[in-house]
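In the two complexes that follow, chain A is the common piece, with chain B as its partner first and chain C second.
And now, the complex of A and B:
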């Protein structure tokens, strides 16, 4: 009963704070890489053989390429990514007050591309956007995820949690049913993980390519035969925020390798 | 796209064999797949990969269907003089690409 009183007091103190109870406490969190076969885990950990490094390297090259109306590169403003981008991915998705919307890392990069470089934004899943995102995110490798879900991010977080728990598709399953109740079990040829976003963008053998978290989430929607949310839709962004909060403390592993 | 990544040791000793790795960005389209409309997708794999060490052929491969996209090749070369490794490859569509890496040999 003590818990009930605490929640009540908290509720009185600041009504806007969302219910942040964790069904997966820190000690129970398992990165997606723990469910991989030993071969794939070795491939992910091998800094050379990991095919995702092709995208990281592509991004590293693009970082220095001048583009747009003012002919500026990412490096012209941000300098050495190893210093300026360290820890950045661990804070995304984040609410951008000036733009008044939630941005994931891809969205943030494309915002810089459009507004600061004044160049045409990259298409979703383009080699360029995946490359830059993988390059930026890999600067946070080993650092724990920690996103803000208070203030203007609170409604997005609450919606993300709602979406995570809502049944969808012809299979009438929620994310929760697979990634919490059945994590570690097999589904056809795959082992279901806890569904964490800490290794994205990943290289997926089935795609024979790198891919974003949004692409992975769309694959889950299609897996349960639900209508696919569009890239950059509120649903995918809000879910990404909830997922990042749910994985709080897990180390970033970009670029992950998946089957 | 960065077409390839190459890895060789920073320095090698003369007479010693050292490991060379090259990871190539390529779809390795098998020729067995169909588009959503049921049309076959033409085979397009890396037809030939060569590596020359100071001009001398030290490695040659003829990959075929059934090798995963973005293949990794690993082989050993015996260190002679300091110089350059030149990798060249061509695919079924006739696209050619190359990559180089320098080798520093300690006496």
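And now, the complex of A and C:
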């Protein structure tokens, strides 16, 4: 109740202020893959060499597997993912009115799992959840990101922006300091990108695995020695929404490859 | 004088030392609040003239500068003799000719006192930080002695 009123007030405040000024105009946006070495870039672009494709393929298999009390598969409801899932990832994270909360693509998949299949939700970073997310997101390859940040999403968007701009951790740095002030520069050996979410889940060599956007964000929190937000916490979801808006127009590249 | 164990160590505790640290921390919590504060320093003419600890050691300072932990200065700064470094910050070559030891000391202790918008972390400050991971909460990145080692080493870069 109190939270509801708070969200309402925050929502009203967002209508009043021009919350949507862009510090990275469309012409200045650069996908993370443009900061990669030519070798890694080629690896991402080659469907056989890209290790992330293994997860896409796992997801494609799971799409047709019946599960849960109702014994239904994703395909039983959604048919051919190539048609039904095209463009979906470009709209996420999205506010879900029924659940009354913000869902990223992983959250949506797990919600279908719990409510439509009546099966146990997949664990964060499990092969299954990464696989299905990569499979669904890869259907939107080449389509521009465009999320809704108005209506019930507005307070989440405003909070995401606040989280992007505030200093945190013992290093006392904000996302902004690295990904806006210093994109293109090197932090020791790593070239800092503009911090866009358009290729997730990605395959990261350092992880020797695929990983979600939330996992990457937690790595940045840990880099500045800040308290790690839990998976699916409001902080990570709100930040993800702000990042998707900030990257509006960038084409989806899932599965990305990173160092 | 606060008990020694209340002074911020340079790295988070690990393994079997955790319990002892936790007990020591408990002792600090019940000690007067002042025990958690860092010794005061005076900023004058854009610097801190008084050393924070006994005179530092240039060789230790040099090693610290390039070590991954705890200082990791080369994340951002190039420095003489260092092969791989970031480029978020000015190279440290010649910094001893540009800045006095007092000015160097303040930049290490808390660069935001000179430039509030700086991205350089404060290496000897615990206040005014947000959501610091539990392992580092209430601890400075470097000890007073390590700051002095770096001041001496950086002063030799002319």
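In this text, the second predicted complex is superposed on the first by the 241 of 259 C-alpha atoms of A that agree within 3 Å, B and C clash if a C-alpha of one lies under 4 Å from a C-alpha of the other, contacts with A are read in each partner's own complex, and residues count from 1 in each chain.
The rule is short, and it goes like this: a contact is a pair of C-beta atoms (placed from the backbone, for glycine too) under 8 Å apart; a residue touches a chain by one contact, two chains touch by 3 or more.
Keep in mind that this is a model prediction, so the values were computed, not measured.
When the two complexes are overlaid on their common chain A, residue A:227 makes contact with chain C while staying clear of chain B. With both complexes superposed, C is the one of chain B and chain C in contact with more chain A residues. Of the two partner chains, chain B is the only one that A:48 touches; chain C does not reach it. Of the two partner chains placed by superposition, only chain B is touched by A:57; chain C is not. Residues of chain A that lie in the contact sets of both chain B and chain C are absent, per the superposition on chain A. The touching residues of chain B, when paired with chain A in their complex, are 1-2, 5, 7, 21, 23, 25, 27-28, 68-70, 72. Residue ranges of chain A in contact with chain C, taken from their complex: 166-173, 177, 181-182, 185-189, 222, 225-228.
Interface residues of chain A, counted against chain B in their complex, comprise 48-49, 51, 53-54, 57-58, 61, 127, 203, 205, 208-209.
The touching residues of chain C, counted against chain A in their complex, run 72, 74-76, 84-88, 112, 119, 121-122, 129-136, 139, 141.
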